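Common to both upcoming complexes is subunit A, partnered first by subunit B, then by subunit C.
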Partner chain A sequence: MSREYKLLFAGPMGAGKTTAIGAISDHAPIATEALNSDLAQHSKTHTTVGFDYGEVALDGGDRLRLYGMPGQSRFDFVWKVASEGALGVVLLADNTRPDPLADLAVYVEAFRPLADADAMVIGIGRSQQGTTSIDDYAHWLSERGHAAPVFSVDVRRRDDVLLLLEALLSQIETRELFATSSQP
Partner chain B sequence: MNVTAGPSASLRPQLRRISAIGFDWRAEVSLKETLALLGGKTTDRWQYTEDLVADVLVYDAGNALAQAVVRRQIASGHPCICIPSTGDAGDELVLRYPFGATRLIRCLDYASTRLTGQSAATGDGSDSVCQRLDVAMRTPGAEALVLRSGNHEGLLWVASQRIAWPVSLDLDECARILAGDVEIEVLHRGDAKLKSTAAGAALQSAEPLLWAIGIARSGGHPLRRLPAGQRYRLRRWPDFGVIGRRSADLRCAALLMQRALSGTELASFSGLPIGVVQVFLNAAALCGVLVADAERVVMPARGAASGRSPFGSVLHRIRSAFAMTSAA
Partner chain C sequence: MFADTPMPTPYDSALQSLFNQLPDIHSAVLARSDGFEIAQATRGTVAAARLAALASSMLALGTAALRELGLGSSGSVLIEGQRGKLLLLDVPVDGQPLVLAVVGSDSVITGSLLWVARDCVRQIVETTPNQGITS
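Then we have the complex of A and B:
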């Protein structure tokens, strides 16, 4: 019987969730894009309504399912349900938003169980614009007891999305390695 | 028909240096091992160096940083034969991985004929760029360092690790710096040069450049301030910058984020050669993200465990779906 594994992408409107999934999915992301009626949040013309969905075929017939979480925080109950059994979460931030650290706080809190299990990675988009540095993000996280990797990325580049994915895999592998081995 | 003479008796074999860039660590190890098997079969004697200033530079033609370094090597005028991993050029000008001994001998002998008369890269035993920079940054009272590379000069602020550099430290600029010599001068508080150097240049994060210097200009030696047997952890994930995604770095970072380990333990848990791990530690130390753990190693390192884990097999298959290197 083939099995399915979930990988989540989350972040505020326009952070690049649909773009990131499209960069690594076997097929174009399946998403319902609608005209953006919330121009106060973001000036982009279209936004995803509900989930984005992509997938990657694995050896042996299994699948890695890629889910983009709906951006608006009123959906946080959906995020929590989706987290259950997920391999991990890729949080995307947009450094040009008014308060990117406040944005991040919402997501880090909602996905705390994954963060605590070293199954979270953070990608900062448009990091050259905006005034928050990668160091500020890392510092902010460590003050709150999180050790998630933070990278400056442009998710339109597949290799940047793979950097996030590989960092996430490395963390999970390490967690499992230490869970199954005694102290060195 | 012309008969080409073999190496003339008057030309004594020289000690020459070969380096590689852009490859997975497995390819680097393979190159070193093949090289070790060649003793006496090549015109000159060849030694592998972790430093990019070498007589022969084998590079992965598909790697952007490697391409940029090669462009810079050529532009610098330093005598160096650059050999790509793929291409249509003759046998002696392409070196595919896995590197066969016969092919390697042909490439090296070809390089010897091309290099004859030109001076060999100086392996004068002096400190690597990484070591010199590390010492300079830790000089008591040092406020900033002047860095000079070619005709560019900039100011690296020690406490903030930000750098004023005349141009953006993008792939090409980092490659240019990595390919040549870097002059370093320590400035103390009140030094007039603090105001005059790189005046007007925008401040950038120095971490991507420091990481690249740690990885590419460590000369194969651990930093003197990193004693073997000391355990380290990472304060946070480093910014890999232009060096980008390398499986070995990601694996080491994940391990040291979760547990303090010595170099030997890190090599054992990651399945990476100690040389690869050492360069990672140098880069992390140079960027200031490496923290010594109070506890020193008393027990010999234990190998990676083989216990079953819930995600173990799928992680491996996700890696192979994206052609990522798996843990050894």
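Then we have the complex of A and C:
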């Protein structure tokens, strides 16, 4: 039987959520972008204020439904609404931001049910820049009891985004397998 | 009635006019399309920053739905609850589109709400200088 997976992309403003969905969606994503007036936060011209939506059809009839969240915390109501029924979350980090681990903490907390279920992967953008290493991210997550895979990615590249989704689906399926095998 | 500002702006005047026309309006917030509040008026209290962000998101989602259906790109969203109504309107200002959120009581007549809110939008557009940027 074919399945539908509702998956979220979250992370700070400018981390590449809209770009990531655009790189892999089978159709032009539905976008809700507005002119960005907060140039102190990020210099990009537009920012997501509702959510992005894209789809990917998988072999066997399964389908990924992808929702890109707005990055700014003033839109946290969107995070809560979109989390309903979500099976996993891709957290994107921008390694050039002043404190990317503090950014990560915000989104791990916001999507805590998914994070606690290890239905989460981390994609680090611009990882060659900045001073935070991939190991730093992995260590930070491990210290907090999260077993999320961490990848260095360029979300403009379809293969990089697919890698994140494959890892996330693997996380989800492992959890489900474990839950099934644990049942009496 | 208005938040502390040294001088009433044209936006404050437009929101005041909105209030004067319809006593069943509780609050009005004018925001940038990316969710930042720039003017507000209320007869009580309103979480203006929160309403600004909500209005931005919901109008953007409404506009996305219109676009998907081929019904245009600019519009309004009306939400009716048991104790009141929320109307969101696109304010098509060149360079920095704005969003007007108007909260009315349950007794407000929808047609009247739409009429005065659209008049408010017209005033705001007429009094806003072109920002010189296109979205």
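The rule is simple: the second predicted complex is superposed on the first by the 169 of 184 C-alpha atoms of A that agree within 3 Å, B and C clash if a C-alpha of one lies under 4 Å from a C-alpha of the other, contacts with A are read in each partner's own complex, and residues count from 1 in each chain.
Everything below uses one rule, namely that a residue touches a chain if its C-beta (ideal position, glycine included) is under 8 Å from a C-beta of that chain, and two chains touch if they have at least 3 such contacts.
Just so it is clear, the structure is predicted and the values come from calculations on it, not from any experiment.
Using the contact criterion defined above for the overlaid structures, shared-chain residue A:72 touches subunit C, although it does not reach subunit B. Within the superposed three-chain model, A:180 lies in touch with subunit B and out of touch with subunit C [touch as defined at top]. Using the contact criterion defined above for the overlaid structures, shared-chain residue A:40 touches neither subunit B nor subunit C, since it reaches no partner. Partner contacting the larger number of subunit A residues, of subunit B and subunit C: B.
Contacts of A:64 after superposition on the shared chain: subunit B is touched, whereas subunit C is not. The residues of subunit A shared by its contacts with subunit B and with subunit C come to none at all.
Within the complex formed with subunit B, the residues of subunit A that make contact are 3, 5, 24, 56-60, 62, 64, 87, 118, 133-135, 138-139, 141-142, 147-152, 159, 162-163, 165-167, 169-182, 184. Against subunit A, in their complex, subunit C makes its touches with residues 32-36, 49-50, 53-54, 56-58, 60-61, 63-64, 68, 95-97, 133, 135. The residues of subunit A lying in touch with subunit C in their complex are 30-38, 46-47, 49-51, 70, 72, 74-75, 77-78. Interface residues of subunit B, counted against subunit A in their complex, comprise 205, 235-237, 239-240, 244-245, 247, 250-251, 253-255, 257-259, 261, 265, 268-269, 299, 301-302, 304-312, 314-315, 317-322, 324, 327.
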